[in-house]
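Shared between the two complexes below is chain A, which has chain B as its partner in the first and chain C in the second.
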Partner chain A sequence: MKKYVLVLLTAAVALLCGCTGYREIERGYLVTAIGFSVADSDFTITLEAISSSDATDKPSQAITLSGNGKSFDAAYSAIEKQLVKPLYFEQLGTVIIADTLNDTKIESVIDFCKKLPSTNYGIYFIKANNMETLFNTETASGVLGYDIIGIIKNFEKHNGVKISNQLYEISRSSIAKGVENMPTLNAFDGKLELGLANGGQYE
Partner chain B sequence: MNRTTYNIHSIALTALFMMGNAILAPYIYGFKSTLLSFLVSSVLALLIIAAVSKFLNFVFLPTKKHKIFFYVIAFLVGLLAIFGALDTLYSYIRFLTNIQMPQTSLILICIALAIPVAALVFCSNSALYKFCLLSAIISSLAIVLIFIGGIKYFDFTLFKANPVINQSLTSGISEFLKSFLPAICIAAFMTLTKESACTKQTIIGVSLGLFATAVCLLQSMLTLGVSANQDFPYLKAVSVISSGSLFTRLDGFCFWLFFVCALVKSSVCIKTVWLITKTVIPQKNRKNFSAFFDYKCQ
Partner chain C sequence: MSGSVNDYKNIYLSGNLDKDILLFKTIFKRDAVLRTREVLIGGTTRCCLIYMDGMVNSAQQGETVVEALVESVLPQDFLPSCEYISKNILFANEVNETDKLPDMLRAILYGDTVLIAQNSRSALTINTKGWRTRGIKEPDSERVLQGPREGFDEAAMFNLAMIRRKLLTPDLCIELMRIGRRSDTPVFICYLGSLADEKTVKELKRRLSKIDIDGILDSNYIAENIRDCRYSLLKTTGATERPDIVAARLLEGRIALVVDGTPVVLTLPYLFSENFQSDEDYYINFLLASLSRMLRWLCFFITVSVPGVFVALVTHHFELLPTHFALTVSRLRAGVPVASAIECLALIFAFEILKEAGLRMPQNLGHALSVVGGLVVGQAAVEAGIISAPILIAVAFSAIAGLMVPRLMGAVFFWRLFIVIACAMLGLYGYLIATTLFVLRVFSIKSFGVDYTVSFSRPDFLHLKDSFFRASWRSMKTRPLFNKNKIRKGDPN
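Up next, the complex of A and B:
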């Protein structure tokens, strides 16, 4: 009898662990891309998130959210204040940094990303010259964060290069070296063009 | 009558114990200084545990000659075991609340963890040994597969990094020793359950456990570089491993590893305290005590 009780209790532990801490997809925003920019001491964070319960024109159900503040933490808080649902970062694929940011600000962006809950250290970092245009560009799947990853991987495959712009690669040495590895993504005329530091390009 | 020796099981138990919370939250500060402090603390731990193992074999033998000496040593070993259990449980509960189950209340997490710990503490010694052997096989396979899968993400140029000496070296050694030295209570555990400290199995187990911890530490540092000085670096290092678009976020494979190492270390520490208490407090029926001596090691 004791053995059966023990087996039941042990099984209950395994089962109970799955019953709590679960996430309902429609009860939160799945962030797929996050952008950081600064203009005249005004810090801006732009998010692309998938929401299955919000009204949106896109079949991918991706929406764009943004917030401003005196720092990136303040800008993030501004976004959270306007939402009724929490933000989930497990699906975050791409971090977009405005190409006007200096090394110190890029370091604060990297530190900010490391503190986000459930962040994967394999997320991709890119620079962009026009954040607003980029986030408003219609992409193939409708989800900018994933399509940017697709562009990077296709470029690596077709050109036989490794871009080394994931979070763990950028943050494991000096920030200056990490910044060198970030490609730039330019958006114009509805197209996205990937530019590398050595001049290579991919559309 | 044939008696099972559980030699390999003892080695597995000791190896898992050594990994304990050392793979969960290791002290990492600077590449070479961390490796150096790990090496120094590993050698120190091995020597201390080997020496104490022989010593405890002498002290914990049931004889009246060493009574007062036995009580003092038993008290000290018990304190070390309690520290080991609390330190491990604190690290693992911190991991559960921050990473694995962030939306679950702390009380529920503690209750959920207390059940398997209690199950291992109060189960028979043979069941504990068999659980440790099975868990060690699965854990070692997991570590090897994760290491092989993570090689393509390593940056071997980090070996050229200059060491940071003094402050971080001494801090590193003390932090690693804090994780490793509770393994002294394994000698007491073996003596109280096997009538011998099984020094040979203890040394082999300690060495294997240190080697596995070194593999995890190396993977963390070679993948993350200077970012490895954050909480739960091994988990973050494993999270970057992916294969195609289907196999991503494989950090879940670490959850078993962390769970079983923390469970074994905390359970063995608590069980050692319980066994010491039963030895120190006079038994009404001494025949019950002899039932613990199920087997002898060679």
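Up next, the complex of A and C:
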């Protein structure tokens, strides 16, 4: 009997003190894409997040949030201060890096991504030359992060290449590829276009 | 006084008919249905028939006892003797002489007639049982599309006859025990002498003899008293209302317990894999039966896992959800006032309430309940934002899958709750821990000394042939592992 009481107490304590990592999916913003850029030692993070409305009959909305600071951590804090709900990064599919970032900065981006709660090591790293235009582009599904994954998969299928630029691959070879070797995604006239370095060849 | 017939074991008949009649009347002084009928044997010797009204076949009693006694012609030197009356006067097919008062009382209470005579210190118990029974009907809980349709009723003797009709062999052993201080219920232990394990039979008798209870009104009274794990949710004794199932289990070397007053016969030892067997499995094509059985295994895992895994995914592991699905769940959960885990638990309880209500209500109202409970309340609750559709779907799917394994219904309910709580606390790690505990628990259970999971002890065809699937009768050459005569036919290799 003592055993059962002990188990029940442990379960009750764990449940009541909220130490189990329990979260509700609709009580936060689901981040689908995040962008990093630096201009004159001003670090900027732009991210796309989906927020559930408070009514089930209204569609979810994708919102673009951005924050600046002396570092990426400071920029992220600036975003968090704007929000009433926490950010969930589990659905993060793409990290977009401004093509102006040098190798050292990319390393700090990778470190930042690894520090995120529940980092998904399958996220793609791509570069873009104009972060603001990219995040403001109207995409097919209305969710940029989701559509970028679709574009990458389609690209792989039709061109017979494998884009090996996911976090687990990048973190293994660190920044060996460099920003110049990353696939490029840009928005032209409201359309997203993926391009590869080295004349379309990608290893 | 314990209320048992054995309270009277030290009292004997006096030989004085009036005093002896008074003795019975005193014992049953508050029983309005006791009848005593005095008869003169051959017009000279006084005797008395004692019986319970409504429990005897009056016509049979009149013809084979009363008429025989009244119309008998006694020899001139006749001395009242039970042996003489039994052998020369009575027409009844079963007559026993006894001088033990408990045996006489037991006979009266079981529908027999007791004959006591002047100057005789012993009595005759005459088989005149004649109470009404429900008759042979197909059991509602074990219906089949193909196969025998007969089911047990509440009279143990008829039930034994149904079993014997299927096993025409003198090897069939039927032993009687009486359990219950006040009910003194006859319990019959049936087994095939050449197949059943003597140790198991002995162990069963030992456990039965230890039962100390006022009355046995159903076989579950016994099942709970003889089970190996008192607090386990998984049953370790089988229960069936079908004579063909009992016969099949006896042929596998199992033991059956037929309890008077209930159509449910217990069989033991009972294995975990039996929970997934259906009565019909053996009457249809083995490929179809195997498919059904594998579906049952799958549904068992679905029914215990789906609500918990769903809760784990939407509360701990969003990354495992496809983006669009995550967005849909997030949108549909918006505005729901309670946490997903609480919502899931509440729905599981709601389903149990609906199920219980459906079981207890008249059949005609069942459809109305499913419409009101399933459609109206469910849809209204989703539209009102009290519950979310994804969790409702997960719990409903789990509930429907649970109906595929009715023998595990009670255990499934508790395991489902346990897994949901574990998943709410620890996500998929909780699921792994809970399922590991479940597997460990199942593998630790024994049924009368036989491992509950003995069918999985060796993962080869010979041992799995009647567990995950049902092999053809041509390849069913061995019996389960726990009986002494394993070879069913031919060479098992």
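Please note the rule applied: the second predicted complex is superposed on the first by the 167 of 203 C-alpha atoms of A that agree within 3 Å, B and C clash if a C-alpha of one lies under 4 Å from a C-alpha of the other, contacts with A are read in each partner's own complex, and residues count from 1 in each chain.
As a convention for this text, a contact is a pair of C-beta atoms (placed from the backbone, for glycine too) under 8 Å apart; a residue touches a chain by one contact, two chains touch by 3 or more.
None of the values given here were measured: they were computed from a predicted structure.
In the superposed model, A:Glu138 makes contact with neither chain B nor chain C.
Of the two partner chains, chain B is the only one touched by A:Leu9; chain C is not. Applying the stated contact rule after C-alpha superposition, one finds that A:Thr32 touches chain C and leaves chain B untouched. In the superposed model, A:Asp40 lies in contact with neither chain B nor chain C.
Shared-chain residue A:Glu90: touches chain B and chain C both. Of the two partner chains, both chain B and chain C are touched by A:Asn120. Once the two complexes are laid over each other on the shared chain, residue contacts for A:Tyr168 go to chain B alone; chain C is not touched. Counting the residues of chain A that each partner touches, chain B and chain C differ, and the larger count belongs to C.
Shared contact residues of chain A with chain B and chain C: 20-21, 90, 118, 120.
Of all the residues in chain B, the ones that touch chain A in their complex are 99-104, 108, 112, 115-116, 119, 123, 153, 155, 158, 223-228, 230, 236-237, 239-240, 242, 248-249. Within the complex formed with chain B, the chain A residues making contact are 6, 9-10, 12-13, 16-17, 20-21, 90, 114, 117-118, 120-122, 166, 168-169, 171-173.
Considering their complex, residues 314-319, 321, 323-324, 326-327, 329-336, 339-341, 385, 388, 421, 424-427 of chain C touch chain A.
Contact residues on chain A toward chain C in their complex (touch as defined above): 11, 14-15, 20-26, 30, 32, 50, 52-56, 58-60, 88, 90-91, 93, 118, 120, 141, 143, 145-146, 149.
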